[in-house]
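Read the structure below first, then the notes.
Here the chain labels run A, B, C and D in written order, and each chain numbers its own residues starting at 1.
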Amino acid sequence: MNRLSVELPGLQLKNPIMPASGCFGFGQEYGKMYDLSLLGAIMIKATTLEPRLGNPTPRVAETPSGMLNAIGLQNPGLTGVMENELPWLEQFDVPIIANVAGTETADYVEVAKVISTAPNVHALELNISCPNVKEGGITFGTDPLIAEELTAAVKAVSKVPVYVKLSPNVTDVKEIALAVERGGADGITMINTLLGMRLDEKTGKPIIANVTGGLSGPAVKPVALKMIYEVSQIVNVPIIGMGGIMNAQDVIDFLSAGASAVAVGTANFVNPFVCPTIIEELPAKLDELGVEHISELVGRSYRS
Amino acid sequence: MIIQESMLVQSQREIAHNIFEMKLQGKLVQEIQAPGQFIHIRVSEAFDMLLRRPISIASIDQESDEITIIYRAEGDGTRSLSKRNEGDRVDVLGPLGNGFPIAETKAGEVAYLIGGGIGVPPLYELSKQLTAKGVTCVHILGFQSENVVFYEEEFKALGETYIVTVDGTIGTEGFVTTVMENLSEQFATYYSCGPQPMLKAVQEMYANKKGYLSFEERMGCGVGACFACVCKTTERAEANYIKVCSDGPVFPAGVIAI
Amino acid sequence: MNRLSVELPGLQLKNPIMPASGCFGFGQEYGKMYDLSLLGAIMIKATTLEPRLGNPTPRVAETPSGMLNAIGLQNPGLTGVMENELPWLEQFDVPIIANVAGTETADYVEVAKVISTAPNVHALELNISCPNVKEGGITFGTDPLIAEELTAAVKAVSKVPVYVKLSPNVTDVKEIALAVERGGADGITMINTLLGMRLDEKTGKPIIANVTGGLSGPAVKPVALKMIYEVSQIVNVPIIGMGGIMNAQDVIDFLSAGASAVAVGTANFVNPFVCPTIIEELPAKLDELGVEHISELVGRSYRS
Amino acid sequence: MIIQESMLVQSQREIAHNIFEMKLQGKLVQEIQAPGQFIHIRVSEAFDMLLRRPISIASIDQESDEITIIYRAEGDGTRSLSKRNEGDRVDVLGPLGNGFPIAETKAGEVAYLIGGGIGVPPLYELSKQLTAKGVTCVHILGFQSENVVFYEEEFKALGETYIVTVDGTIGTEGFVTTVMENLSEQFATYYSCGPQPMLKAVQEMYANKKGYLSFEERMGCGVGACFACVCKTTERAEANYIKVCSDGPVFPAGVIAI
């Protein structure tokens, strides 16, 4: 038996570890460093209908135990991803979760319709939480009704299960989670980045050219755990958790909080081998905890 | 191949005010393809300073598996790096990026190597390799002030070397362009690394010459995956940005919009 | 001329540095370590109408570059504070900002009415953002209308200017800021803690007995700066900024973002002398920046 | 007076499995009032581990301005502390809290000192001071297993010492109470420090004896300002909690609800 296997809507995962969207490109770079078939899945960079240039630079800044980014969804566009990126990934035995973004509902729908037909795309991740674009993105993720409608519209066209990625920049994430569940989401991924800012010490001006950026890394882990803890207890769909995961212990924490699988973002920049390293370390962690299969840990923070 | 390695600090010394020279030993040295490539250094095991720091490879000794880096201890990360001692280990990812093309200058030709401040280091290995091949190197090196000048003797040993400082405390007073104005344009290729305004001035002055420029941009991954370090290209305004970390940091003159 | 002096509604500050509420008790402990008259002001621990026991323990947990707390507003109650704490503080030449909390509007109003009569209380800080109590606290700080009404009710009875302390756990902090300004707030203090959680590595259960806690410390600094940057540009009242300040450079950052003064919380636990140390270091920082008076830095992140 | 000081590490050694003994020198040693007080240690300059760690003072040498602490390297902070070497500095806040009252046992009387695991250290200085004053100390020290037993010889040098381990690998098998059941109740005072269940058992067994217990609670400030470290008192259910850091950590038996 594979002690790490996880089954989620549309996804048969060898293990619950996958790189988070935007932190792994379309796999080509890390694919030179290790065998991508080791991964549970890959969440590819957000894909929009048209190619996007993204924001001006600087796009990243370091913060205590974290970083800010304002990439602004730079990507080669739907056609580029369908023609160049996804076919390249087919050489690996790994399911792809396609992160879908847009400016209006029609964009999301169009991208979802097409990208969900790619043979290796096993699920979509609806990005209604990107804080770094002026239109779309987070505006879809802060209003429950809009989030529900968008989810339903995408569900109607997608050939694969739809996960919705939630923003932590809301008063009540439970409300948004319930809304997307009503909209037909097959799963939830959370959290996207918190909004933050860093100033240049000398000039006092924002370092990030886009002024604000999304905060990720260990600094946000407590916020992510708390939201997953709350949401997982009220929805009936699985959660893929993320936000500051650096090592195998963090993975255990996220599963304990209620996530069924996890994504690793910022940590890839710190250690490009972090995903395979975690996968390797997990069985020993299970032994320590006296657990046979990793799924036994899911939600143990509130299960008696 | 890019590898991640815990490299051994062979030595560390302050060679100018806040400028440190560190020698690192490890097997990634065997992977280096060209001068101008860089390494991505984790400056602390703690999460405080999460992002790696990109630092150019200043000198390569493949026989002893050793590289030299030269960096300014300015922010928190480089300051912390400057406290490592001989025998310590440093977590390094590399070699990264594409360096300066040596092949673009033939034996017997003249190359101008133009560096500014902390952009000077990669030119040292470049000069060593060009000189070894029979290229005549002329070095034009600009600094703020005398107290931050480094490697003057090392460059002189390789060829003609002009030092220029903004405050005139040593060498010519002014900018690298002040020296360039008085130099012949009888050279085959120029190679340059330094602050963007300098690169811009150099490129303009030598507009009809073959040249290679090394760029800097804030980085996330350092390997091409995160789209943090992009620059606009001159070619098509609506085209994709180009990545400094994996497409560069060295680009032929004219490629990047500056 | 005092290069550090700051004038705010009700407050003549020798310098813009004050300990944040809840991180300095009522001053007695730190008063044994240094002269409290050095401080710009003191924000005392939240005072409620009746004495409060607070939450069960553990009440604190460490997180990457931060900490969680769920003290739950333990305090000796209005009478205790009026009779024992405030009179003791009168020996120091330092204005007190009284942090006022409650379960319902009537509590807030009653505490505000009485505590604002204490001779050394120069301003109130209305705590509508405590995440660690079941009733009151944050529930007042997430709904603009409720926040506005509470502010107005307290304003009506307070003998001193009223500052309102905002929660970062909202979708749009600007909306709440504008609401309390409409309610008559003389100033805004921000940010209170973000909601977060930490799990025990072995059991997977929450470490904080109250399950969730408030996240503070350097980890939250980017979030605080971003919110202050946004709010200071749309309100006409001054902001006292806080969230992760550890040193003089952080103070410069908060002023640059738009705060007129700052409060230091968690850092007191790391270094009990942090406030006087910062005050001592500020003039040299001003020299470095070529600034004569500290107020010149306020809002320079967006001023041209 | 409480002071914050960068204390000098005089020595550090592992005295049992993951148990470290560290000697620190500095002038705060002169401020110590009683055995059982503790210090609050910043384990890293980085922000990663922001909170200080409370560690009891195990031994005091006021002549050489030196204290000994004994701690288990378990979590991130204590593990990082265990990597400090002789000559390093450690940021210490202290002395904190109220220690064990020596005066409560007269010369010639017998005192039982009952410790469990990492609660044993403060009993060592306590025993030294009681013994010096002419009190006969009996030590009952419980541990998990032989490999984590420490200071057996040191305690034996001061008086009768019973070692008890949960797995029986050394000394009596069982808990401190296993030993206590077979000991006379002819003593004046008991002093105890260890895990809460142990304190509870000890307090119940010696219900009509004069005793002092030292408690642990997670701390923020360590000085009484943040209300993190409270315990419920037995007296009035609706009364204020009492603070371990500044009201304790040592309380007379019966004060804290356990």
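The rule we apply is simple: contacts are C-beta pairs under 8 Å (C-beta built on N, C-alpha and C of every residue); 3 or more make two chains touch, one makes a residue touch a chain.
By chain, UniProt protein names: A, C = Dihydroorotate dehydrogenase; B, D = Dihydroorotate dehydrogenase B (NAD(+)), electron transfer subunit.
This one's a predicted model, so the numbers in the text were calculated from it and none came from an experiment.
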- Which chains contact both chain C and chain D? A, B
- Query: Stepping chain to touching chain, what's the minimum from chain B to chain D?
  - Reply: 1
- Task: Would you kindly say which chain has the C-alpha centre located farthest from the C-alpha centre of chain C?
- Result: B
- Go through A-D and A-B and name the pair with more C-beta contacts between its chains. A-B
- Using mean C-alpha positions as chain centres, tell me how far chain B is from chain C in Å, no decimals. 47
- Between chain A and chain B, tell me the centre distance in angstrom, where each centre is the average of that chain's C-alpha atoms. 36
- So chain D residues touching two or more other chains come to 47-48
- Among chain C residues, those touching two or more other chains are 64-66, 217-219
- Task: Quick one: label the inter-chain contact graph as line, ring, star, complete or other.
- Result: complete
- Interface with chain D, chain C side, in the complex: residues 22-25, 28-30, 32-33, 45, 51, 53-54, 57-62, 64-67, 69, 71, 74, 76, 217-219, 246, 266, 268-273
- Note on the structure: So, in the complex, the side of chain C touching chain B is made of residues 64-65
- Would you mind writing out the residues of chain C in touch with chain A in their complex? 63-66, 68, 142, 169-172, 194-199, 201-206, 211-213, 215, 217-223, 225-226, 229, 244, 249, 252-253, 256-257, 289, 297, 300-301
- Task: In the complex, go through chain B and note every residue touching chain A.
- Result: 1-2, 4, 42, 47-52, 77, 93, 217-231, 238, 240-241, 246
- Parts of chain D lying in touch with chain A, wherever the complex brings them together: 47-48
